[in-house]
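Report on the structure given below.
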Amino acid sequence: MNLQILLSIAEPGLNHFLIVSALLFSLGVMAVLSKRNVIMVLMGVELILNSANINLIAFSRFTALSLEGQMMGLFVVILAAAEAAVALAIVLNIYNRFNTINLDKISTMKG
Amino acid sequence: MFTQASLFILLLPLLGFLILILFGKRLPRQGDWLGTGFLGITLLLSLWLLIVKISSHSTEVFSSGFTWALIGDYSFTLGIMIDNLTVVMLVVVTLVSTLVHLFSIAYMKDDVRYSRYYAYLGLFSFSMLGIVLTSNLLLMYIFWELVGISSYLLIGHWYEKKSASDAANKAFIVNRIGDFGMFIGIMILFASFATFSFEGIFGALEAGELPFGSTGWLTAAGILIFCGAVGKSAQFPLHVWLPDAMEGPTPVSALIHAATMVAAGVYLVARVFPMLTADALLLIAYIGAITALIAATIAITQNDIKKVLAYSTVSQLGYMIMALGVGAWTAGFMHLVTHAAFKAGLFLGAGSVIYAMHTMLHKRHDHTTDAQDIRNMGGLRSKMPYTYVTFLIFTLAISGIPLTSGFLSKDEILAGTLAFSTLNGHWILPMIAFLVAGLTAFYMFRLLILTFHGKPADETGHQQIEESPFVMTLPLMILAALSLFFFYSFNPIGASSGWFWQALERPLSVVPEIVQPAAYPIFYQAVSSVHTLAMVLSVVIALTGIAIAVLMYHRKKLDPAAAAQKAGFLYTGSLNKWYFDEFYSKVFVGGVMAITRILRWFDEKVVDGIVNATAPIARGISRGSGWVDHNIVDGLVNATAAGASQAGGLLSRIQSGKVQTYLVYILFGMLLLGIFFI
Amino acid sequence: MVEQALFSLGYFLPEIILVVTLCVIIAADLFTTRRDVPGYLLLTGLVTAAAALVWQGVSNEAIFFNMIAVDPFALFFKILLLVTTGFVVLFSLQSAELKAYKSRSGEYYMLLTGMLLGMFLMVGSTHLLMMFLALELTSISSYVLAGFTKNNLKSSEASVKYIIYGAVSSGIMLYGITLLIGAAGTADIFLINEALQAGAGTPLLLNIAILMILVGFGFKIAVVPFHFWAPDVYEGAPVTITAYLSVASKMAAFVLLIRFFTLSFTDPGAGFGSGTWELLPGINWNLLGGGMAAMAMIVGNLTALRQDNIKRMLAYSSIAHAGYLLMGVVILTGQGLVSVLIYFVIYLFMNLGAFYVVMLFSDKFGVLSIENYKGLGHRAPFEGMAMTLFLVSLTGIPPTGGFVAKLYIFGAAISAGWIWLVVIAGVTTIISLFYYVRVVRNMFLFTPEESADKVIFGMGSKIILLLLIIPVLLLGIYFSPLIEWAATSLNMLGM
Amino acid sequence: MEFEIFGFGILTWIVFIPILGLIVLLLLPDKNSNAIRWTAAIATGIQLILAGIIFALFDRTKTGINDAESFQFVEQFSWITVDAVPWVGRIEINYFLGLDGLSVLMVILTSLIGFIGVISSWNIEKMVKGYFALYLLLVTGMMGVFVALDFFLFFIFWEVMLLPMYFLIGIWGGPRREYAAIKFFLYTFVGGILMLLTMLALYFSVAYTDPATGQSVHTFNILHMMNPANYVEGGLLSGVDTTWRYVAWMALFINFAIKIPLFPFHTWLPDAHVEAPTPISVILAGVLLKLGTYGLLRINFPIFPDATVYFIYFMAALGMISIIYGAFCAMAQDDFKKLIAYSSISHMGIVVLGIAALNTQGMVGGVLQMFNHGIITAVLFLAVGVLYDRTHTRGLYDFGGIANQMPKYTGIAMIGMFAALGLPGLNGFVSELFSFLGAFEAYRWITIVSVTGIIITAAYILWTVQRVFLGKTPDKLSTLEDLTPREILSFLPLIILIILLGIYPGPAIELMNSSLSHLVEFVNTGGR
Amino acid sequence: MELTTILFYLFSAVTLGAAAVMVFSRNIVHSAFALMFSLIGVAALYVLLHADFMAATQLLVYVGGILVLILFGVMLTNQGHNTGFRAGSVNLLPATLLSVTAAAVLIYAFVTADWAITDAEGLTETVHPLGMMLMGDYLLPFISAGVLLLIAIIGAILISTKLSDRSENSSEI
């Protein structure tokens, strides 16, 4: 019995991957919420997207979702790339305008 | 025929009013002849009505009416009714009114609003005739108010004087207070019987119906209707307006405040007498007695000739009311009639005196001396013989000296009160009545002596005084004649044998027996038994009063000043009219004004403020108070607005402009949503 | 497989036309320097697409292997989207703000086309991946468009805030989507419905997934508490884009929300429009949605009170309107959804109208602050009256369309028994009066300075305004065709 | 439809004539002020003529209230009809106009006051076109409310009045006009929202069976809402004496109470009156306030007889408070217009008390008081306007002795004042009398307290008369000129009505007698 | 313990550890490199999940593309080795709170969830089926993704390039 539990812990199953993804997600959230630098925030977003992708791939491996999971993962990667491109372009623009990329400095509009 | 004639009588003065108000200024002589002429016609018609009615239709009642409004199942009928009471009153009103019209031709001749004055007199006459002729309470109330408004207009005739417009306001508002009661009384009756007509109400009561099923409400209704009389007839505690009303022209005082309008209250009580319960009547009697006493005590110390007469009027009205209250219905009403003649005469006499004084002072360019103060007169007897003689007759009449009309009626009243006390034990009523009789004789002779006898206050001025013109003395003479006994009864010491007494019998009470006043036969018996006593007593007391006055002011045997000293607070109290005005202005006027101010404050600060509520608070709190100020001025002031925008401010502060903070919010928001709803 | 693809293409004509338009614009941009050519090209594309839509007519098909549905519901919104885009293009052609960037006008209209395409896909998606992709297509275009006037600091700021906020929201949404997919074992929303009926997933997991998905939707429709980006972005973005965001992208997101939630989570056994989300255990989702709607109405309207920048004020107002719309969704009856459809038609005209006048005034007078609107009504009477009409309509006072819109939403909520929500909606409507009327007041209750002359706007702008005014007024007085259209359009594939 | 002009019924014409005028007016050039004024005058003049025709043709015996058959000049067309589409069911909104004894007097009042308003607007110089355009729109709204029998239509007309009024006060008003305008707007809008919600709740609770198809159809038809048989099973407002019915009654009541205005919803009124230009004050007091009481009678009473009976004591008490409170507040004012504004609160309290009596006398008195008060306050506001035009002040302390300078004016104003005071022979008395008589039967003590209001009224009116007209004329007022013929023209019809109705109210009572008797019976029997 | 298990824990540790370094490092360049390791770790996890094509894509697109972009971004926005490299933190407390909560809730939910596990051991060959799917079921997303990329590229260019003519630049509002 104990051994089985031990084994089930040892044997990387769906939950193992999901837990990794959950942790990665929370790290991403942490980065997004706390880093002042826009690029750091964007990196945090990448972490979140990756964590979602881990979910998808894990589901495709362990559930009936099968290959579809991978398929969707693929699209997510593409999306992430597109988003990153645009985001970085915007960041560059911001840097040119504000001479800073600290998010908390970019707040002329509020209230 | 009767109804047509009386309608004609009613409407003729109205027509006069309309013509004069619209075209008065364009008529020759500003139309005084029109008003006087119309009234003269009504007088003749009334006299004819009186004679025909009393002589050949004495017991009949003529009435006619029309539906004024039809609401649901109720029809509101207005109509007129002619019985003996009506015809007598018609003559009184038209007579006095005609004489006053006549008198005014000279008295008011240079007035700026001469035609307006006549117009208002016409309006007044119309309203007063309406009261007299009406067959129901609603119309009575309508004319009641119209009388009030025409009296308002006449008192305020010289409205440039603040005192005049104040007096007019006071008269109307105090009357409204009385009318308020009357209106409620009418509503009680209408709510119970669904009719306003006297006939209908009395009929229902006779059939045993009661307002809201209780005699208590019946008493209340009676008293409330009596409230109207309290206002109009200047009874305690609403008597305060009448003396002030002397601000109006003197002929007006004669017409309205001596003979007719103030008598309307008495007339009203006489009209509704059948439905008054014993309790109501007792209250009425006491109100009358108190009024008579208070006014008489005030009158003895006044120095303004019109004020003395005004208080005397109040006092005499108290008499009448008291008489009705004790059940001496005929006596009370008779006193109304006799009093109308001699009091109108007194006022017109006073008017004649004032006119003479005024003319004299005007000639001397004296604008400081008061033309109405008896201390400035004296010795006028020689200069104004007609006025003096007539004034003497009136004074004798009001004092109740035999051979005058006043004696006839007053004697019956005194007998009635005495009889009442023997029946019920309310001995205080006859005591007051006799005391007041003495006081009346005293102050009237004081007035007469100070005005016409003795040395003139100002010798040089005295020389220039002239008798008033004939249009002024003629009415005095007519009224003096009417103050003699034979017009009412050929027996100089007993009214009950005269036509008047015969024609006007006390009506039967229609209220349930347990609350009925003493029945007429019982009462009559009691009166007969005390009649002689009362007569003797009254003459003795009157003569005593006269004697004291003569001793004090003519022979100077007694020093009025010393007497005043001795009387102490009684004197100062009397001089200051027992401080009624002061009390009212402090308590009621002040109270109302205070409520008014409080409510205004309440309205602007609290009611509006609840809505505007947080505006000032918000101003204090707000970080950007400039903003709030600005917007308060600009219009977003409203309460909710300030509160809401305060909330909006808080919310917009959350909007920090920092995108990561927003992200924190949304995640927290999500978390909270989750926690909250799971 | 090929047959299916070919079959699908037949139903995909409008989208194809849009793609072609997009390519033509890119090409044209290379060959011409005239700035308005791309705009007219886009207009042509829109008209052609509309024609294609009409030619296709009403159908009820799933195409591209159940990725996307072509149904009356989608058709309804595609038409609205085309109309909206048409107006926005017309605005853009006139905008002085955009004139400064004329060398980029090709990109501008191209991105607009891309956004429209994204929204076309959004309104039909029946597959989670497709949904997400369409959402992103729209978003990425709008991120760029928000920062289009890049010389304007506010515009740049808006775009960075927008993309950060958007990226995070969509990231969270994506995570939620993966969880849902994992639990259900499929990404097709019909199959998800079946799987949920079969009892897949635990309540906790599902609820977390939905909450996370809701973040994405909430972001797009700008509803509390996911609305924070909206004021800043609306203020910073060019007016035309603000107008577009506040109408079109909100609309598309609502459609997606409605389709996704109703198709995935209502129990077909209980019947559509039964007012309950049968397949979502654990959380009272109606109540949650109602709470969000209420908060949106309260927060949006209250915060709008304090705004001085008119674009920002309209941003908050659109948050509030999202609340009213969400109210129609969460009561989940057919009637509620029909009301949402009606609301959108009217909202489109009145909101676009308001933004158009804002644009005109900002171009002509250089004012965006409500304070500076003083006396403008006297200087530009027609535009001022038009603005008044739009604002009155946004408040919901008859006889304008806004009233009919509110009437239907409120009516649906009352008939579904959501009295408390309606009461909140009523109270907040009253609050909204303040800030709308404040603009009117500044325009008309102040007289302009002596030196200020009347300003004549071009005939073109008057015609555009009339095109917006007429529906707003007409729909306030006569609206039965609208109702019929909306009611017949509430016909989703698989419902 | 007994009377048609070009295929439209007389009511359509009377409602939309101002809109026609508005269109004509918009086509006129801005500069041509006189043409604009004449257009407005002609439009409202035609309205007045139509009102005269209505008065002549109106059948006094028909009851109306809840019976479609006995309404007169009925026009009923389907307006918004959506047939059996999915989800929303059948929708039917009718263009349904009609007159009964309750509304006919109000229609006459509106056209009269509307016309007089134009006459007294003649000297408006600022943005003439905008002014008259808004004015005509306002008149349409008011007229529409009085003739609409479909709740939806009623509501539309009700709200149509908001914006014109806002602008008329806000642009042409006094110094604090913005504040007053927004306050008016806000209060009325709050009421409007309450009414909207209630209207919707009613809509979903009421369905009548269409005789043609046998279908059960939800409806906005006010008459259908009065029939208890039409309430659907399980509807929010179905049943009798339910909490929701009370809530709905209350919501409507608050809406109407704001318009009336009853204490404590009255605070918009003094501000609005003081700031509004004279003709608008006239409209506001003359017609707009009546919409409140009219609404109570048209909607609250017959649709919710149970709740009406339940709350009636409360309503009477509010009427009483308004009477006394308004009178006291009026007494405290030293601004002439504000004084009249508060007196309106007091007088409208009498209306509420009268109709709360739930008997015919009270009801007739109340409705008559609506009419009479409309006329009397119109006179009073016009009177204030005349003085304000000449002296640019409204402070009671600034006047005095006007009677010497302006005798015609004084005469006319005094008639108005005395009518307000309830002097017999003038119309105010008649309606107050009937209101109180009716109320006394129902509420003894409340009425007794209320009647004290007439004493206070007498006090403040006389005090005002004294301040303004009596006394010595101060020097600064010695150059005042008496009324111009145009001003006299605007006063004259009102004064004549004041006197005529004061002497013989029969013609007015006749118009509404049978309707109101029926209404009373209808409410007292719980709508059965 | 099998090899896969060991590898799983190893790669997980690498992924999460590198991610943690990325998050908590104050040097943005360090962070960027940490991110690279993390992404590589994820790719390795994909391999463990038999998703070789995905792993390759991950490496190519993420490590080869996105990361380079990010590094460019870092370089372009930080001229010189000034303090700008030190990226400060904001909202530390709420961020920690929220991320810990997120992790805890998610893990709890995962552990308690009952997944319908169907072990697809046989899933070895992925490239071909994925390609087929791309041309079949996922045709529309495929096309859409193409448009998306086009838009993104044009958008990125639009935003990042300077405006050409001077007149436009001067119209700064």
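Annotations for the structure displayed:
In order of appearance the chains are A, B, C, D and E, and numbering begins at 1 in each one.
Here, contacts are C-beta pairs under 8 Å (C-beta built on N, C-alpha and C of every residue); 3 or more make two chains touch, one makes a residue touch a chain.
The structure presented is a predicted model; accordingly, all values stated were derived computationally and were not measured.
The set of chains in contact with subunit A as well as subunit E comprises B, C. Among the chains in view, D has its Cα centre nearest the centre of the complete protein Cα set. With respect to subunit C, maximal separation of chain centres occurs for B (centres as means of Cα atoms).
Relative to the C-alpha centre of subunit D, the farthest chain centre belongs to E. Averaged Cα coordinates give subunit A a centre that lies 28 Å from the centre of subunit C.
Computed centre separation for the pair subunit A/subunit D is 66 angstrom, with centres defined by C-alpha atoms. Between the CA-based centres of subunit B and subunit E the separation comes to 102 Å, rounded to the whole angstrom.
Here the CA centre of subunit B is 38 Å from the CA centre of subunit D.
In subunit A, the residues that touch at least two other chains are 25, 28-29, 32-34, 36, 41-42, 44, 53, 58, 63-64, 68, 71, 75, 79, 82-83, 86, 90-91, 93, 103-104, 106-111.
Each of the following residues of subunit E touches two or more other chains: 90-91, 94-95, 98, 102, 106, 110, 115-116, 137-138, 141, 145, 148, 151-152, 155-156, 158-159. Residue positions of subunit C touching 2 or more other chains, listed in rising order: 129, 133, 136, 140, 143-144, 147, 150, 159-161, 164, 168, 182, 185, 208, 231-232, 306-307, 430, 434, 441. Chain pairs that touch, as defined above: A-B, A-C, A-E, B-C, B-D, B-E, C-D, C-E. Residues of subunit C that touch subunit A in their complex: 129, 132-133, 136, 140, 143-144, 147, 150, 153-154, 156-161, 163-164, 167-168, 171-172, 174-175, 177-179, 181-182, 185-187, 231-232, 235-236, 306-307, 312. Within the complex formed with subunit C, the residues of subunit E that make contact are 105-106, 108-110, 112-116, 135-141, 144-145, 147-148, 150-152, 154-156, 158-159, 163-165, 168-169, 171-173.
Interface residues of subunit C, counted against subunit B in their complex, comprise 160-161, 164-165, 168-169, 207-208, 211-212, 214-215, 218-219, 224-226, 228-229, 231-232, 282-285, 287-288, 291-292, 299, 302-307, 430-431, 434, 438, 441. Subunit E meets subunit A in the complex at residues 1-2, 4-5, 8-9, 12, 15-16, 19-20, 22-23, 28, 31-32, 35, 38-39, 42, 45-46, 48-51, 53-54, 57-58, 61-62, 65-66, 69-70, 72-74, 76-77, 87-92, 94-96, 98-100, 102-103, 106-107, 110-111, 115-120, 123, 126, 129-130, 133-134, 137-138, 141, 145, 148-149, 151-153, 155-160, 162.
Against subunit C, the residues of subunit B that register as touching in their complex are 627, 634-636, 640-641, 644-645, 647-649, 651-652, 655, 657, 659-660, 662-663, 665-666, 668-670, 673-674, 676-678.
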